C-alpha cells in the first residue's frame, strides 16, 4: 500500500467555499463528477489551488497547439522528472483525448532519446553551431 | 567565449571512413552540406555515432506522431534538463519544420507548468486515483 | 560572449500595450526603472508573461514565510536545477532583501547536502519509517 | 507493500561498535530513542554513516540561518529531486521544529514556481543582466 | 501494492514474432530463462525494444571498460535520476557480475558526493580553470 | 566571456589561516602548486570547505574501487546533472589518472543510455521483478 499523502485529502463535503468553487469549475470544465487527488491535496492552499487550476486550464487548452499535443508534452516532462502521479494522470488524460498506445510509445521513445543526447551534449560540450543561433 | 569542447571536433577531412559514412548520411537525410558540432564530438566513438544517428533518424521521423510534434517534445525535455546545446539545435530544427514563435512559447508554457506540478505532486504525494489506473 | 537568447528581447519601446502594463507593474512593485531580461523574453507570450508575473508577485510576497526566506528557497532550487540565469537573478534579489554571504553559503551547504542524501535514499530505498507518516 | 531496501536495515543490536556510536549520537542529539531507516541502510558503510551524520548535524544546526529554515530548504530540494523518503522524513522534522501547514504549502508553492521559471529561463536563454552580476 | 504498469506486460506466449526474437536473444545472451518486466512493457514498441536491447547489449558489453564498471556507472546515474526500477535491476545485475556490498556503498558515496558538489559549483559559478581546458 | 563567480575567488594570499590549511593539504595531496577555482569560491565557508575537501579526499581515494573508476562515476553523474565546471574538472582529473578517450566515450555512452532507459522505466512503470529483489 502506498504511503498516505503528506497532507490529508480535502473532500468536497469538507471544503471551504473558495475550494468548492474551484472543484466545481474543474468538474464543469472536464464534464466529470469527481475531483482527482492532486487538487485535493493542493486545496490546503486555496489561493495556489485556484491559481494553478486557472493557469492549467488556459495552458492546456487549445491555442497554437492542440490539447492532445500538450498532453504528450506533459507526459514527456513528467517521465523526465520521474513523477509517478503525473505519469498516471496525464497518460489517462491523453488517452481520453485520443492518444493511442502507438502514440504513447513514440512520445516516450522521443523523450528517452532526448534524455540520452542531452547528456552526451552536456558532457562533450560542443559549441553551438552558428547556423543554429537565432538571427538578431 | 565558450570553453572548448571536451574532445576536439572531428572534421570531415580528418574523419575515419566509418565516420564519413555517417556524416554523408546525415547530410543526405537533411539535404544540407554541413555537419553540426554534436556529431563532430560524438565521432570519437564511431560505433555510438552510427548507433545514435540511426536511432535518431527513425525516432524523429514520421510515425504515429509527425516530425514537428517530435521536435516540440525534444525542446520540452531539453529545457527540463537544461541542455544549452540541445535547446539551440532543436529550436532551430523545429523552426525549420514549421514551428512558429507562438508554438514555441506554448511548448515552453506547458513544459514549465509540468515542471511546476510535478514537484507539487512529488512533495504532497497524493495517491494515484483509481480512475487513472490502466485497465488490466 | 554568451549565445543570443532564443527569442529577441522585447524592449519597452517596442512592447504591446498588455506587455507594457506588466512591465509597468514590475517596475512599480520593485521600485526600479528597468526590466530584467527574463521578462523581456517571456514577453513573446503576453498571457504567460502576465500570469507568471502575477503568480510570482503573490508567491514571493509576505505570507506564512517572509520574502527573504522565499528567495533562499528559490536559490536552492535553482542550484539544484542548474539554472544559470536564475542563480544570478535570485542571488541578487536575495542580497537586496538582506541576504549576507554567510547566509548564502549556508543555503548552499544545505541544498548541496540535500542533493547528496536524496541520492543515498533513492539508491538504498529504506522504507519510510512509520513515525514519519502523517496521522490520518 | 513497498519493495525491500537494497541492503538490509542494520539494527542497533546487530551493529558494529562504530555504528552504535553514531546511532547513540543521533539519539542523544535528537533526544529520541529510535533510529530512522535512512541511517540503518547507510550503516553498511560505517565511515560514510559517520561522515554524513556529522556533516548533517552541523549543516542543519543553528548558524546564519535557523534550523527550521534549513528544513524548509531541504523539503524544497527533496521535492525537486523527487525523493520520497526525504520528503516524508524532512516534512516530519520540519513539523517537529514548528512548521505549520501554511508554511509547508508556501515552501512548495515557491519551490514549484522556481521549477517552472528555471525551465523558461533555460529554454529562452536570456542573457544575465549586468545589474545582477556580482561586483568584482 | 504497486500501481499496475502503464501498459500491460507482453508475455512471451502472446508476443509478436519480432518481439519473441528479441526475448530469445535476451535470454540467450544472459543465459537465463526469463525476461524482466522492463522489456515486457517496452515490447509495445517492437522497433524500440529491438533497438534499445541491441544498443544496450553493445554498450554494456566489454570494451575499454569492463561490464562490472559499466553496471556501477548505471547504478550511479539511476540513483541520480531516482529511477526505482533501474536501481533494483542494475543493482541485481551488478551483484551478478561480482559487485560486493562494499563496492555498492562506495559507488553510492561517490555518486552522492558528485550530486552535492555539482550543486555547489552550479550555484557559485567558479570559472573553469585554464589548467582543466582540453588542449586544442 | 563567462559571467563572474557569484562570490569572489579567495586567493591564497588573502585567505584565512584555516582556509590556507585546507589549500595546503589540497596541494600536498595532489602534488600540485595551485588551487582550482571550486575551492576558491567554497572558501567563503571555511567549515564547509574543510568538510567537503576532507570527505572528497576519502571518498575519491582507493578503497573497494580504484580512484580512476571513481572519477568515471563522477563524470557520469556530472553529465547527468549538467554541471559544466564539474565536467571539465573531473574529465581532467580522470585523464590525469589514466583515462583514455576511448574510456571517456564509453562512460558517456553508458551514462547516456542509463538516462534514456531510466525515463522509459519511469514512464511505463513496470513492477520490479521478484528476481531482482534483495533477499531478506
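Letters are used for the chains, namely A, B, C, D, E and F, taken in the order the chains are written, and counting of residues starts over at 1 for each.
One rule holds for everything that comes next: a contact is a pair of C-beta atoms (placed from the backbone, for glycine too) under 8 Å apart; a residue touches a chain by one contact, two chains touch by 3 or more.
Chain by chain, the UniProt names read as follows: A, B, C, D, E, F = Alkylhydroperoxidase AhpD family core domain-containing protein.
The structure presented is a predicted model; accordingly, all values stated were derived computationally and were not measured.
K.L.:
Which chain pair shares more contacting C-beta pairs: A-F, or E-F?
P.N.:
Of A-F and E-F, more C-beta pairs in contact link E-F.
K.L.:
Look at interface D-E and say which pair in C-F, A-C or C-E is its repeat, using the rule that over half of the contact pairs are identical by residue number.
P.N.:
The pair repeating the interface of D-E is C-F.
K.L.:
Would you kindly tell me how far, in whole Å, the mean C-alpha position of chain F lies from that of chain D?
P.N.:
20
K.L.:
Specify, in ascending order, the residues of chain C that touch 2 or more different other chains.
P.N.:
1-7, 48, 55, 59, 78, 80-84, 87-88, 91, 102, 105-106, 108-109, 111, 113, 115-120, 122-125, 128, 133-134 - these are the residues of chain C that touch more than one other chain.
K.L.:
Given the complex with chain D, which residues does chain B contribute to the contact?
P.N.:
Checking each residue of chain B against chain D gives 75, 78-80, 82, 84, 87-88, 108, 111-113, 115-120, 122-125.
K.L.:
Could you list, by residue number, the parts of chain B that touch chain A in their complex?
P.N.:
Residues 2-7, 9, 34, 36-38, 40-42, 52, 55-56, 59-60, 63-65, 69-70, 72-74, 76-78, 80-86, 88-92, 100, 102-103, 105-107, 109-111, 113-129, 131-134.
K.L.:
Using the touch definition from the top, list the residues of chain E that touch chain A in their complex.
P.N.:
1, 3, 6-7, 44-45, 48, 81-83
K.L.:
State the interface residues of chain D toward chain A in the complex, per the touch definition above.
P.N.:
Its residues touching chain A are 1-2, 82, 84, 87-88, 91, 101-102, 104-106, 108-109.
K.L.:
Which stretch or stretches of chain A touch chain C in the complex?
P.N.:
3-8, 47-48, 51, 55, 58-59, 128, 133-134, 136
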